[in-house]
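Pasting the structures in now, so scroll down.
Each of the next two complexes has chain A plus one more chain, namely chain B in the first and chain C in the second.
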Partner chain A sequence: MISSWSIALLILGPLAAAALAFTFPKQGRWMALASAMVTVGAVVALGREVLVGGVQTHHVGGWSAPLGIDLRADGLAVLMLGITALVSSAVTLYSPPYFLAEHDAEALHRGRYFWPLFLFLWTALNGLFLTADIFNLYVTLELLGFAAVALVALAGKREALTAAMRYLFVSLSASLFYLLGVALVYGQCATVDLPSLAAKAQPGPTLWVALALMTGGLLAKAALFPLHFWLPPAHANAPAPVSALLSALVVKGAFYILLRLWFEAFPALMTPAVAQVFGALGAGAILWGSVNALFQKRLKLLVAYSTVAQLGYLFLLFPLAAAREGGFLAWSGGLIFLGAHACAKTAMFLTAGNILHAAGHDRIKDLDGITHVLPISAFAFGLAGVSLVGLPPSGGFAGKWLLLSASLAQGQWWWVAVMLVGSLLAAAYIMRVLSHAFTNVSEPRRPHPIPPVMEWTALALAVLAVGLGLAASWPAELLHIGAPAALGGPGL
Partner chain B sequence: MIRRVPIGILSLALLAGLAWAVLSLPATPTGLTAESLVKLPESGVTNPVTAVLLNYRGYDTLLEVGVLLLAIVGVWSLRRGEWPAVDLRDRPLLMSLLRVLLPVLVLAAGYLLWIGAFAPGGAFQAGALLGGALVLVLLAGLARRVLQRDRLLRFGLALGVLVFAGVCAVTKLLTGGMLQYPAGSGGKWILLIESAALISIGLTLGLLYLGGRPALKQEDSSERSPHAHD
Partner chain C sequence: MIEADHRIFLLAGAVLFAIGFHSLVVQSHLLRRIMALNVMGSGVFLVFIALGSQAPGPVPDPVPQAMVLTGIVVSVCATGLALALADRVQAATGKVELEDDAQTHRNATDATKESRG
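Right after this comes the complex of A and B.
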């Protein structure tokens, strides 16, 4: 079967751009721009192919699985690729002035390394979303983890290096746990092809241990409570565009693999008890992350703890989508929530970067009057907050609404309570920032000027986060294509 | 001491779980060995390991070559490396050893690359030898001027990824599938990829020894006037 170019370009485009950005260090931003154009075009083309022709498969090397590796694009993969392309394109536009604004020469030099590392990260994410092979997933995790750690260290400060080191240890050991699980699965099932595992998987000690190891590793990478400890320092101390990439995309890569494993490869092992454990951890993340966000003194740490909390909502998808009734409702709700969070969190971290550049600090209590200085950024932060809290008509609202409907339809009322408390806490920590930001000051500050592109990219992402709620039927339609059979059909 | 108790319990639990899992594995190992041997004549090489690495699962290797490049980009982004302080040029005995050793290492690397198609060997093994040779060169303080040519080093390091990605694109054009080699020509494509990968792997492993990017004269001057370019 001859497949189209879109899948090949989604891998080769950013990969070649990464190698070229390293070879020609002064041209990095142009390589990223070229990669962004190729990738956005390829995602749009692939989306059309999937909508028209269903799931697309590319047998790399011409061998089909199990001997070779299959790249496979279903609705879920296209949605994730689209979110990645959006966030990465925004970061591509935002970053050149961000790194050029550095004042010392060493920092400026480090800024050049941002581009190849960022493009490797992009390659890894595209590869991760496209592959249908659990060993190849390990290779993409390696690429993703190393790129992410190096990007955190790019900030160069002591705290950033400490956070990067801790992140490296967590990420490496998590990868090894995952690999150990893959080896056991191969020993048991004689294949690493994800779609064909479901037929071969017989629940037994080997698969339970294998899946426990893989899940443990991936939960650490996804920073799900109580394995979130590495996330706030890493995300808060990285350069702002890096924080955006990490919070919006990188942690979701591990979540995506968990969805594939539990709903597609091993649905037979997804017992109600397992689903409830995932949900309980998610609930813990929502409460713990939100309460901690409420007490942070620095804006970037607040936004990072908010990520810990928002990741919790994603894991509510497990108990809700695993149920027979309304499984697809929760599935699409969780994934729309993921998209809205990616856009909103990117907007927030980019805004935080603007504030850091303009004011020279990000202490929340000293943000008064920032609305006069950076009106567009403050508006972007507010809009992104609307989506994080889950107010209508935002994407965050649409996602929560679908999750709430599913839990009410299934009588799992306890998740409703958690989501409502989480939303109230989110409203509280967002309002805490806004109340400081909208305070008037008698003497106007003299901030560093901010290039307009840094403000407008943040605003564009915030508008998208809100707008996603109005267009929520579109991703839901996409998600139907190739949705796991374990969801029990198209749902309500 | 108190903290070690839970860690010990967790480790024991992990050990018990792993033992349980391994003992429950099928008694006769199942896998893809038989199938990969059946398809071996179509792969273009006769060494099954090379067939897996560069044909059946060549896509994994493409990304792994990317990981190697990423490793050196990451290390270079962190700090400037230091040239080894020891200079062997006034140690005639060691220098005469290197005079023999370096050519032999390069020759052996070339041999391993070639033999990889038929027997154990290949770009990674050959690259490790080449990397070792480069470490000796660095320790001896040789070829310092070549090693300061930033553009050349960067090109050499990225070559493996660029050629590999290029082969993906060309094979996609020719046959419609990435890394799907036209019938009968697998061996040549694999040799092309491995030769480029050899250079990059050798350079990467050798240069990682510096623990940072090589200190360059031009870099110092360009850093003093950061606003001149970009």
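Right after this comes the complex of A and C.
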């Protein structure tokens, strides 16, 4: 019974807070704080319930599938909810001084609209991770897209508005591709319930077309190379807390649906060729994103291109987890990598926001001496970099290590080469920032002061990204619960 | 006879979707692109309805119709958001088309220079 309550609270909590924050704009930050406390509590309660009692299901309104909509929490869902709660709580703490620090009336106005939109985004994410129904996934995906686009537009500058408009076109058309796929799946299987689909799906031309449409749409939303073109301008031009949410969480929503579709609903269609195509696109993303990150002049664009690259690693999960041997190893490796990336990327964007505030710009070549001004932020950036590069003992290392072990065990050595080159390139672009940041300047500049909470939240997330490597067995244990049967059983 | 009918609608839906997507890619005027999205959406809805009429018996399957209703609500919201954003884009750039990123950056730099000069 507790699980039903916590599942309901995870969606209704942020939703109620969003509605209240919209009605009482001045209280937005307190609504978000209340929502953060409720959500963290609910995730912990639900996590315990899942660890003890296995997969939890809640029938919305007492109507069970196929007539009603089922909400379902397994290990994977709880992990994603937990990552979302962590990142969103950090953003909740970081944002009030961020929007106040700009001092002009327009910034305050932006701050007011930030809270309801942020809370709607949080609601949509929680809904997405708990949904076990491919049509309801479409609805949550759209809610997520609307909130994300509006948050990008919040910056108000022409670059941000243009990026938001382009993001909206990509997001809406991608959703329609997904929806057309849902229609065909329903026509074929007469259900949209994820667990029932696995039993009813018969591989055939209609299902292949349906799955191709859905996958195409989701890849555009997940910004996988070569459909990543909209991401760098949208993520780089948004306000810092928004960039953090987009890079850490929003793109992963689409990735999560892809996992559910290919490993849970239609494992029969997951042929080796399909798996290799996913892997090849991921490899393309790693190389293309890293090389582009290396040549960026602005810090936020560098971090955004790094997201393009890091998303590539997530897609290496497909060829590695689809293999019979060591499938679960790669599965948990990819998802631990996802968690580490979420924490590290949030820390990086928040740090970039601090630098932008203190120095008034984020040109990488003019960052010299920033370590004297913002020592904590510089340290946070370095620590987050450790996880992005994948140095031990960080979460990024643990994730990559599991992926590497799986690919060596399966003899898929080409992915090993891609991962190693990607790590070297990541080290290069992180060092490029740090080498400028640690240069001494003869005459120190006078920066704007930064509220300490903005520095400490960034550092806390960077520490988490590194610490995740030491606690990597915990998420792996959670992921066993309700893991797809296609992984060859959780015993590996 | 009924079988043939539903295939026509299915085909019409697919064609509408393709026309809409084509316009979204080739058109540059923001209003035309927003309309293109709506045409795509109508195509998807038509496919849903056509597939719902496949059901055995005299009554069509109500589930796809419920989904289309939800889809229409979403698409109205999407159009509203897109129109509002297009309005803001026009107010900020003076154009009803999207500039490419290099162009945006150049214009923004020019604007800064002008305001300084």
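Basically, the second predicted complex is superposed on the first by the 486 of 492 C-alpha atoms of A that agree within 3 Å, B and C clash if a C-alpha of one lies under 4 Å from a C-alpha of the other, contacts with A are read in each partner's own complex, and residues count from 1 in each chain.
Going forward, a contact is a pair of C-beta atoms (placed from the backbone, for glycine too) under 8 Å apart; a residue touches a chain by one contact, two chains touch by 3 or more.
Bear in mind that the values here come from a model prediction, so they are computed numbers and not experimental data.
Student: Using the superposition on chain A described above, determine whether A:K157 touches chain B (first), chain C (second), both, or neither.
Tutor: second
Student: In the overlay, answer first, second, both or neither for which of chain B and chain C A:Y186 touches.
Tutor: Both: A:Y186 reaches chain B and chain C.
Student: When the two structures are overlaid on chain A, which partner does A:A273 contact: first (chain B), second (chain C), both, or neither?
Tutor: Neither partner.
Student: After superposition on the shared chain, which partner residues are touched by A:V149: those of chain B (first), chain C (second), both, or neither?
Tutor: A:V149 sits against chain B and chain C alike.
Student: After the superposition on A, what does A:P116 contact: first (chain B), second (chain C), both or neither?
Tutor: first
Student: With both complexes superposed on chain A, which partner does A:P233 reach: first (chain B), second (chain C), both or neither?
Tutor: second
Student: On the A-aligned overlay, A:L172 touches which partner chain: chain B = first, chain C = second, or both, or neither?
Tutor: Second partner only, chain C.
Student: Any idea whether chain B or chain C touches more of chain A?
Tutor: Comparing touch counts on chain A for chain B and chain C gives B.
Student: Which parts of chain A are in contact with chain B and also with chain C?
Tutor: Correct list for chain A: 135, 139, 142, 146, 149-150, 153, 180, 184, 186-187, 190.
Student: Would you mind writing out the residues of chain C in touch with chain A in their complex?
Tutor: 17, 21, 24, 30, 33, 37, 40-41, 43-44, 47-48, 51, 54, 61, 63-64, 67, 70-71, 74, 77-78, 81-82, 85-86, 88-89, 92-93, 98-99, 101, 104-105, 107-108
Student: Which chain A residues qualify as touching chain C in the complex?
Tutor: Residues of chain A touching chain C: 135, 139, 142, 146, 149-150, 153, 156-159, 161-162, 164-166, 168-169, 172-173, 176, 179-180, 182-184, 186-187, 190, 233.
Student: Could you pull out which chain B residues touch chain A in their complex?
Tutor: It comes out as residues 17-18, 20-22, 24-26, 29-32, 35-36, 39, 55-60, 62-64, 66-67, 69-71, 73-74, 76-78, 151, 154-155, 157-158, 161-162, 165, 168-169, 172, 175-181, 219, 223-224, 226, 229-230.
Student: Over in the complex, which chain A residues touch chain B? Could you list them?
Tutor: 2-3, 5, 8, 11-12, 15-16, 18-20, 22-26, 58-63, 66-69, 71, 100, 105-106, 108-110, 113, 116-117, 120, 123, 127, 135-136, 139-140, 142-143, 146-147, 149-150, 153-154, 180, 184, 186-188, 190-191, 204-206, 208-210, 212-213
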